[in-house]
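We call the chains A, B, C, D and E, going by the order they appear; numbering starts again at 1 in every chain.
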């Protein structure tokens, strides 16, 4: 395999929360313009790994990584890497929706504004586009200037996705982006992911096997901090190599 | 129908966030020792209604209810009702996991401690029991004295369920209790709900139609603040009265 | 230059500015401390700490002054902190948000700006004359309590306000009463911030001389107070007194007394800082 | 206090009090114009805040967003010592260090002036702003900081775009307390600012503040109970009205811009 | 004294085993002397608790006229309204002078033009009419330079200011207002010693301690009866009265009720016996011997007078 196609790679990655070994010797290479799904039981390290990919764990006291993570072949933990640039490249939707205590509009355009964009029209257009993409526009178009905290759980989740899309990163990390969504909204987000794949590299954590099956090209199965199996989604769902994977996917586990 | 069997009733209930009419003329009666599921698109008012059932919305500025909510035939919004007593009766698991910034153990036994229970052994036993019920025990038994905030999203969610169970309320309100959980943990929680039904009245908000189908006896479908349909789950899933319900359940919506 | 570069530059510039500001603060502090130490350290010996005031700079000591300061600070802490924290909690968690409450809220902050001497006059009338405490330690401590209460109340309220709603929700939903929620969740979570208020209040109380002089604290007291109803003097009065003497030797005495005053503050603040670090580490959401 | 003021105003017309441009209640030829004292108070307070607000807030943000945790834990209490240094020390520092230094930059600066007093007062109240603001900022839930960083914000943008607004309530209060302390401060101004009631907004000349006046009179040799003595109550009331207006303004600002984060 | 057994006139001999307490408060200017006396008295009568406060002459008189304290330190005479208040509370009192303070007129050491100054010139500088008008040295004497004059002096609420205006301008509390004031003379020292155009006045002790940084100006009161020409303040010139009109007396006031207590009588006697040495020690100027005798006689008479009542 030529390296060229890999957008994101982890090499011999180990991560620790203090003395707790949260990620054990992870090796994975994610293709550009493809959707990779992370699955695995609760507490296995999916979020931890996802957050390592754009260095969001830097802020957790006692957290430590060993090994390399390469974005387009460059080590993102290298000294000269600018984390803010990195995160514009690698956008993130967190597991718990975390809207800013600002208006809905301000939330969506935040990323653009900090990049220095001031043009009101462009901001408004981008906001509308992102909110439409996440199927939130109709629900909030009349209250764009209301606090984002007055939204329902699912609305907040979609807002956070819209916010991440607005800055057009090249990689999007999503931690259970549809956990609080009804089936229809979920379907819309899945559709969106499908469309985005044309331009973006997407990593998604999900507990929903059907969802993983529907949207992803590759699937990675984590268990107790280890990457048990990583393969084409179709392959994994039809003929997993490991028994553990098989058990997990079919729900015969625990 | 005799009133006797109804644990919780809402009569002509209207709720407002300021001028926003969030719940419109809701009439519903929930049976004792049964599981009622609330379903409906994101933002339709499920959480709002759920929170109204144990008066958690009292603290939201500008929030207002009209109409009655009866618990065992008594109006919970009456002047002489002690909200803390009410909430010991009617436990709640929130949509966003909200563990206390304390140890895992302190989180689980908090409810008991404030009821004045001091016996260390009883506390430890209850903690273990609740954590086992939510399938969290094995994961956290070695770090009970660690901060609950250092848990993964799904672990936090289960911790919050365990915390609510520990005080043995007679009604348990759960707002998407398995949204962050993997299929196996989800199955365990569903099993738990099934068991709890023998002693408790349970109301659950879910976006997962299968889940609603599996665990609930009754289902209420909300849409834009209105209770569109309320019926036995089996009836609703096989022959819904309203087209909207039908569309939502089958995912042909939006 | 692209926007990103500009932002980066600004970020770096601010970092430099931040270091600069922090160091300005530290350098000024160092200047003060070194200056005072150079001037006064040599003067500090056992005699200085255990002697009574005297007209001869070389014989004058601060026994009664530091004893009085300790008395005052401890009593003030005992009176003002529980009261202030309780009031802050009450106003934030319990009182109805009526117009009157709003008015009160603004005015408590207002009271922090009333010059300390006015508190002295008030204290003299209220505690000294009406309650008949005269110029006793108790009257002084009560007066200083009045003085620092606004600081404690206001900082307590802010610290409490910063506790996320979701934590309260969680507690209420488990059947906790308002008091239990406040005591078990809100207060522990906000204790670090409250302690900062306590530190600042102590710092304020420790240096006050004028209001104490007004209520009747003395300058020359040849005996160590043994009860809250005794007459007293405090270090700041001694310091003010000495700095206004013509003889240079008294200025040295003043510097030495300032060192002792700072030492007392250090110790009391140190306790609060220690607790604050402990609490703030525990609470992170 | 109120009754004393009432008695004062029964002897001195309130119009004179508010409009007369001279304050000489202790002179043989008496004028009771409070404006010079108000101007003096305003001036020193403004200088103090101009020093303390940027520095204090910068320190708060720097400690919270940029510096490592250990550093913060040592620096914060160190800076807090600044608040407990006796104000006489500050006064003489202003007079013997700051003024001569400033005179090199501004030759026309008087030996006693509002500028040095204000600057030094600003230094004194830095910890009020830095510590309380830092507390407020660190009380903002981590998820918000993560949201901001996750969007590619620089530390500066995170700090001022998200954290400071979310902590605005606490920050405003820290500033209010700091202003209050500056308004109520006596010794520094008494020593370094010259005690000349003067209706001016020029910080390079001697002025007198309300508090200085009050302290000097109540601890001076003026007979208590006389009209001269009662001026301190009138001055006190004025100060109260002054801070009252200031506080209401800041509370109004606070209400307007406050962000609730949950 | 009336009912006590003090041996008259002997320094520092006080009858043993006195007890009780004596409360003193008032002027911070007089404080150092009283503190010194209290300190020495303690060696003589260790069981008498003497306390001294510094709430200013005004604050002291207020407490004094309410009967809250036994002695008041004062840097000025009691005002009629204060005396009235005392009378209302059935308190009569005696004023005793205990020492002199020589107000010294000073300029910056580099000031080479002022060799002496007359009271009339001082008045011209300080009187209310001078405010905003007399701004230059040469307005006072044409041969002095055409430079600004910067004034420093005691705060208007102090007894020092009271006295200075009375002595120079002729009317108490009558002066210009545009000068730098402080009740802390060290602040004034700092001001004058760093300002070549300064002219100020403050207590003699502060000049004496800072002679290297200041230059005292001889004052000519144009009254040859008490010394001819301009006279520099010094121990001698103040004590013998030739440094006029700027040497002022400092007082203590004794409450009539307190004189019923032997320890108070002893203390006041002790005070007058030792004021000469002690006041000099703390920087003030003692009065001539015979004046102390007079004061003591005055007190004896007062004490026995109030004892009879």
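We adopt the following convention: a contact is a pair of C-beta atoms (placed from the backbone, for glycine too) under 8 Å apart; a residue touches a chain by one contact, two chains touch by 3 or more.
By chain, UniProt protein names: A, B = Phosphate ABC transporter ATP-binding protein PstB; C = Phosphate transport system permease protein PstA.
Keep in mind that what you see is a predicted model, and the values were worked out from it rather than measured.
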| item | value |
| --- | --- |
| Pair of chains whose C-beta contact count is the highest in the structure | C-D |
| For chain C paired with chain E, centre-to-centre distance based on mean C-alpha positions, whole Å | 37 |
| Centroid distance [mean C-alpha coordinates] between chain E and chain A, Å | 83 |
| Chain centre separation (chain B, chain D; CA means) in Å | 52 |
| Touching two or more other chains - residues of chain E | 28, 54-55, 59, 183-184 |
| Residues of chain D touching at least two other chains | 92, 142-143, 154, 157, 218-219, 260-262 |
| Residue list for chain B, restricted to those that touch at least two other chains | 96 |
| Chains grouped in pairs wherever the two touch, ordered by label | A-B, A-C, A-D, B-C, C-D, C-E, D-E |
| List of chain A residues in touch with chain B within their complex | 17, 39-43, 47-48, 95-97, 135, 139, 150-155, 158, 175-176, 179-188, 207, 209, 248, 251, 253-254 |
| For the chain C and chain A complex, residues of the former touching the latter | 3-4, 6-8, 11 |
| Chain D residues within the chain E interface of the complex | 22, 24, 26-29, 92, 95-96, 100, 110-112, 190-191, 194-198, 206, 216-226, 228-229 |
| Residue numbers on chain D that touch chain C, as the complex places them | 1, 54-55, 58-59, 61-63, 66-67, 73, 75-89, 92-93, 97, 123, 126-128, 130-132, 135-136, 138-143, 154-157, 167, 169-170, 173-174, 176-177, 179-181, 183-184, 186-187, 210-211, 214-215, 218-219, 236, 239-240, 243-244, 246-248, 251, 260-262 |
| Contact footprint of chain C on chain B as seen in their complex | 54, 56, 59, 83-85, 87-88, 91-92, 94, 96, 98-101, 110-111, 113-115, 147, 149, 160, 163-164, 167, 169 |
